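In what comes next, chain A is part of two complexes: it sits with chain B in the first one and with chain C in the second one.
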Partner chain A sequence: MYLGVDIGSSSSKAVLINRAGMVCGEGIVNIGTGSKGPQISVEQALRQAGIQRCDVRKCVVTGYGRLMYEGADRQITEISCHAKGVKFLWPTASTIIDIGGQDAKVIRVSINGIVENFVMNEKCAAGTGRFLEVMARVLDCRIEDLSGLAARGNPGVVISNTCTVFAESEVISQLAAGMSIEDVALGAHKSIAQRIAGLCNRIGIADAVVMTGGVALNHNVVTAIEKEIHHPIIRLEDPQAMGALGAAIFAREMEAGNS
Partner chain B sequence: MSKAMSLISELAYAGQRPKDSILKAMNETGKKSVGCFPIYTPEELIYAAEMLPVGMWGGQTVGTLADRYLQGFCCSIMKANTEQALLGQYDFLSAVIVTAYCDTLKCMIENWKIASPQLNLIPMVYPQNRKIPAGKEYLRDEFLRVKKELERISGKKITDQEIQKSVDLYDEYRRTMQEFSDLVKDYPDMLKAKTRHLILKASYFMDKRIYTEKVRELILELSKLPRENAFGRKKIILSGLIAEPDGILDIMTENGMVVVADDLAHGARQFRTIAPDTGDGLNRMVERVAMQDGCAFLYDEKKTRAAMLIQMKEKYQADAVIVCQMKFCDPEEFDYPIIKKELEGAGIPSLYIEIEQQMDSLEQLRTRIQSFSEMLA
Partner chain C sequence: MEHQKTSKQLLGELLDKHYADALHAKAEGKPVAWSTSIAPQELLETMGIHAVYPENHAAAIGARKHAQEFINHSEGKGYSVDICSYARVNLAYMDIQQCEAANIPLPDLIFCCNNICNTVIKWYENIAKELNVPMILFDPPFNHEYEISDQNVKYIKAQILHAITRLEEITGQKFDYDRFREVMKISSETSRWWKKASLLACAKPSPLNGFELFNYMAIIVCMRGTKEGLELFKLWHDELQEKKEKGVGPWKDGEEKYRVMWDGIACWPYLGDTYKVLKKYGINMVTSTYPDSWYIVYDENDLDGMARAYSSNYVNRNLAFGTDNIIGIVKDFQLDGIIYHSNRSCKLMDFRQFEVQRKVEASTGVSSVIFDGDQTDPRAFSLAQFETRIQALVEMMEAKKRMGGAFYE
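Our next item is the complex of A and B:
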């Protein structure tokens, strides 16, 4: 078995694949680097696959916490791993939008899976999962409820897409001005979408566009991005696990000696 | 330790400790020192006045005093310089030359006159049209004005013969640095990206004659050693204002990169143009400025910087260019879209990283640099 571990800022993911590339175990925990999250996610994946840690032949770790993880044979960035995972599942993918807890990335991949170029957000958390967390807190709802709220909203509320702190103040002002939570939630999603569209424009978009990372679970954000970039987005069943899947594939390739 | 390694350590140490190195140089030579703001100052005149020109390229200082004079959108070099001036860190300098290359520097000149009057500020403006006769005449007048100020401060008349001698020394320094820079690709382990940076940086804090002799000696010692194996390393050209904090250079090394050449204002732009051997000392200085191209801070109507980077890529057989964009440095920002477009057109991979000198967390940059390295593999 080959293990891939993706340690993000707000979640940890582990994927186990066998020699044939089939996923045999997966663990996703919503706590990230600096916590027990990586360990728990690996334990979940091992349990699901019905194997012990000693049965893992190679392990590759990726994500923000990759340098702190002990027991990996290699560490590779999440950019390469997301590209690897997505191309494995969706071979025609050319553009990958990965929005995680504190990073947003747009990755261009060649037909044979090579990363051709990439862009990342700057320091600010605007356009990332952290932005959604802040919005959920201000709107007094759970983060998983944001998508449903925004789906019932009417367009028209404009939220800053340059700074999460400014955006928070704007949301409070909008609510104080009598705007509904649904309309503000939709405005917040549009704000993320515009930020991502800006990244896409810097690097260029080519179909097929695939979205990965935890924010891809928010269908309303995906729709908002589709509207901004004027391209359909492939919605994967398990977008959060793509980095870990890519890492597991790299681990398998390592043993095959072709990585 | 080999002689080469001992020289590398000595120079890198000098580059790492600016104030100690300057005080040591002052002590050894008995000379006064004059601070030189980025990007170019007429260092030859300072040296001709028998004083030490020393670089003032910011630092890791973070504080709140500079906020009285500079807005949040000023670059971190200017903030650090102002903070250090207000803390009295520069009080050992006999004067400071500030050249007005950008809006921040223009305002700095007026602010510093009030904030740190003890520093004997000498402002200077380079001509926009530095290649036409009127521009050259203007620059010569500016140099004469600075010369007069330096004479007042040093109490010494500067003769043309002394300027000529100083220009000769600076040209020798520039030729030596070009030669040294070309050697780096053959010694990627001894001259890792950060070591290379610190050796170049030491030139700002040592007497130029002594520094040049040391680097000349290093070149000789390196030439006695076999070339190191550079197989599998990614050859990188750096462009931008400065590659600091130098932790980013360590990240490059950790990811199998070797800096084979640079187009940094803090680096090779200081030594890539040699003064022509015509006319008096001032004329040689003026003509050198007129000849220097491919720099964001010297108006270049033909926009030659990208073409120059493409030529450098060929010359050094480089794999990629990394653009180190100092946050809020607008002259560099204006150049970037042209560079990006032309590098893309030439099929040269490039990475844009935005930096501030006082960044304490480099983890996001680590991901970018490592990803770029993986992309080049």
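Our next item is the complex of A and C:
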């Protein structure tokens, strides 16, 4: 078995694949680097696959916490791992939008799977999962409820996309001015979508566009991005696990000697 | 004995001397100028006016990790965080006048050339106004056409002549044209040796670790018109030539695996950190846009040539020139990648960076990455983000090498 571990800023993911490339175990924990998250996610994946750690032939680690993780044979950036994971499941993918806890990135991949270029958000959390966490807190809802709320919202509320802190105070004043939670949630999603569209335009969009990362679980954000970039977006079943899947594939290639 | 020193030792000594001479001149009541980094220093050198360079000085404060206290002071006075951090450091230094890097005396004259930056106009104007000292401004227009037009040359030459008159008025001394000719000759010669030395990095492996460019640059800025400056670059060249002939690479303890160019100014507060990340992956930054920036070459007594040379900096040239310049560097230095520093301070350099990146990639197929940072504001840089981007660049360069390299190869 081959193990891929993706340690993000707010979640940890582990994927185990067998020699044939089939996923045999997976673990996703909503705590990230510096916590017990990575260990718990690996234990979950091992349990699901019904194997022990010593049965793992190779392990590759990726994500923000990759440099601190012990026990991997190699560490590879999340940029290459997301590209690897997505191309494995969706070979015609050319553009990958990955929005995680603290990063938003757009990756351009060649036909043969090589990362040609990528762009990432600047230091501010605007346009990332952290932005949505802040929005959910101010709107007093759970993060997983944002998508349903925004789907019932009416367009028109404008939220800044240059700074999360400004956006937070804008939301508070919009609510104080009597705007509904649904309308504000939709405005916040549009704000992320515009920011991501800026990154997409910088790098150039080519079909097929695939979205990964935790934010891809929010269907309303995905729809808002589709409207901004005028391209359909493919949603994979398990967008959060793409980095870990890519890492596991790299682990398998390591043993095959072609990485 | 002078000739037995290494260029590195000489570099340190010359820099100490540069700052000591300025303080000494001031103490003796002689005029001191504050000048931008690519200004016609030949005029000051001819008049015997000691010049110091706020951009260089701010960089030195940044490299010693003391920029924050100066930045806090400027922002406290009301300067916006969006203004260039060199300006924020220098405007604070003007008040504080004490730093861990060498101190510089306050100016009696401001010498400002906007061929590299627009912010300098207002930044230097503020200094002149606050200290009530005269300011001489050189205004080489942006070159919207590929070449520098004769009209621009004429305009800049007139400004040089006017500046000579102003300097005569300010100092009460006649301008010595014989001395001027000599200084012009030395300045061009120093520029030639600076470029000749830095071009030795075209060799594979490069004998030069490009971060040294950032150190040696201090002398090409501060002492370009002096014989000592000229001797330094000859010595540096000879040392690198010897390394090249022996096939010695940039480091004693590592192999040059990838060759990249650094676009833009260094992150001075993180100079060591950025260097270590690159070295960890075997990346040698073999060059940057700096070798050409101080290649200010013209014939002696040729004022038209001098005017043209000061207008020729790539920052002052159009997009097509800026792009061709980097494409040329990619080929000459056989680069595997480019690291673009999106520098929060320098809007002028960042302005077209995305487009240059796109065009260079389309033309050469070379891998590249943009990271966010700042030349001296330590708050605008994250080492973890930098490393992720550099590692991703390595992964792209490696994949490309496996596929047979970039197209230009």
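The rule is simple: the second predicted complex is superposed on the first by the 259 of 259 C-alpha atoms of A that agree within 3 Å, B and C clash if a C-alpha of one lies under 4 Å from a C-alpha of the other, contacts with A are read in each partner's own complex, and residues count from 1 in each chain.
Methods note: contacts are C-beta pairs under 8 Å (C-beta built on N, C-alpha and C of every residue); 3 or more make two chains touch, one makes a residue touch a chain.
If you're wondering where the values come from, they're calculated on a predicted model, not measured in any experiment.
Engineer: Put chain B and chain C onto chain A via the superposition and say whether they clash or fit.
Structural biologist: clash
Engineer: Figure out whether A:E78 sits in contact with chain B (first) or chain C (second), or with both, or with neither.
Structural biologist: Both: A:E78 reaches chain B and chain C.
Engineer: Contacts for A:F118 in the overlay, against chain B (first) and chain C (second): which applies, first, second, both or neither?
Structural biologist: Once the two structures are laid over each other on A, A:F118 reaches both partners.
Engineer: Once the shared chain is lined up, is A:E255 touching chain B (first), chain C (second), both, or neither of them?
Structural biologist: neither
Engineer: Would you check which partner chain A:Y64 touches, where first means chain B only, second means chain C only, and both and neither mean what they say?
Structural biologist: In the superposed model, A:Y64 contacts both chain B and chain C.
Engineer: Output the chain A positions appearing in both contact lists, the one against chain B and the one against chain C.
Structural biologist: 64, 67, 76-80, 114-118, 120, 122-123
Engineer: Looking at the complex, which residues from chain A come into contact with chain B?
Structural biologist: Residues in contact with chain B: 64, 67, 76-80, 103, 114-118, 120, 122-123.
Engineer: Looking at the complex, which residues from chain B come into contact with chain A?
Structural biologist: 349, 354, 363-364, 366-368, 370-371, 374-375
Engineer: What residues of chain A sit close enough to touch chain C in their complex?
Structural biologist: It is residues 64, 67, 76-80, 112, 114-120, 122-123, 202, 204 of chain A that touch chain C.
Engineer: Can you list the residues on chain C that touch chain A in the complex?
Structural biologist: Interface residues on chain C, with respect to chain A: 342, 354, 358, 361, 367-370, 372, 380, 382, 384-385, 387-389, 391-392, 395-396, 399-400, 403.
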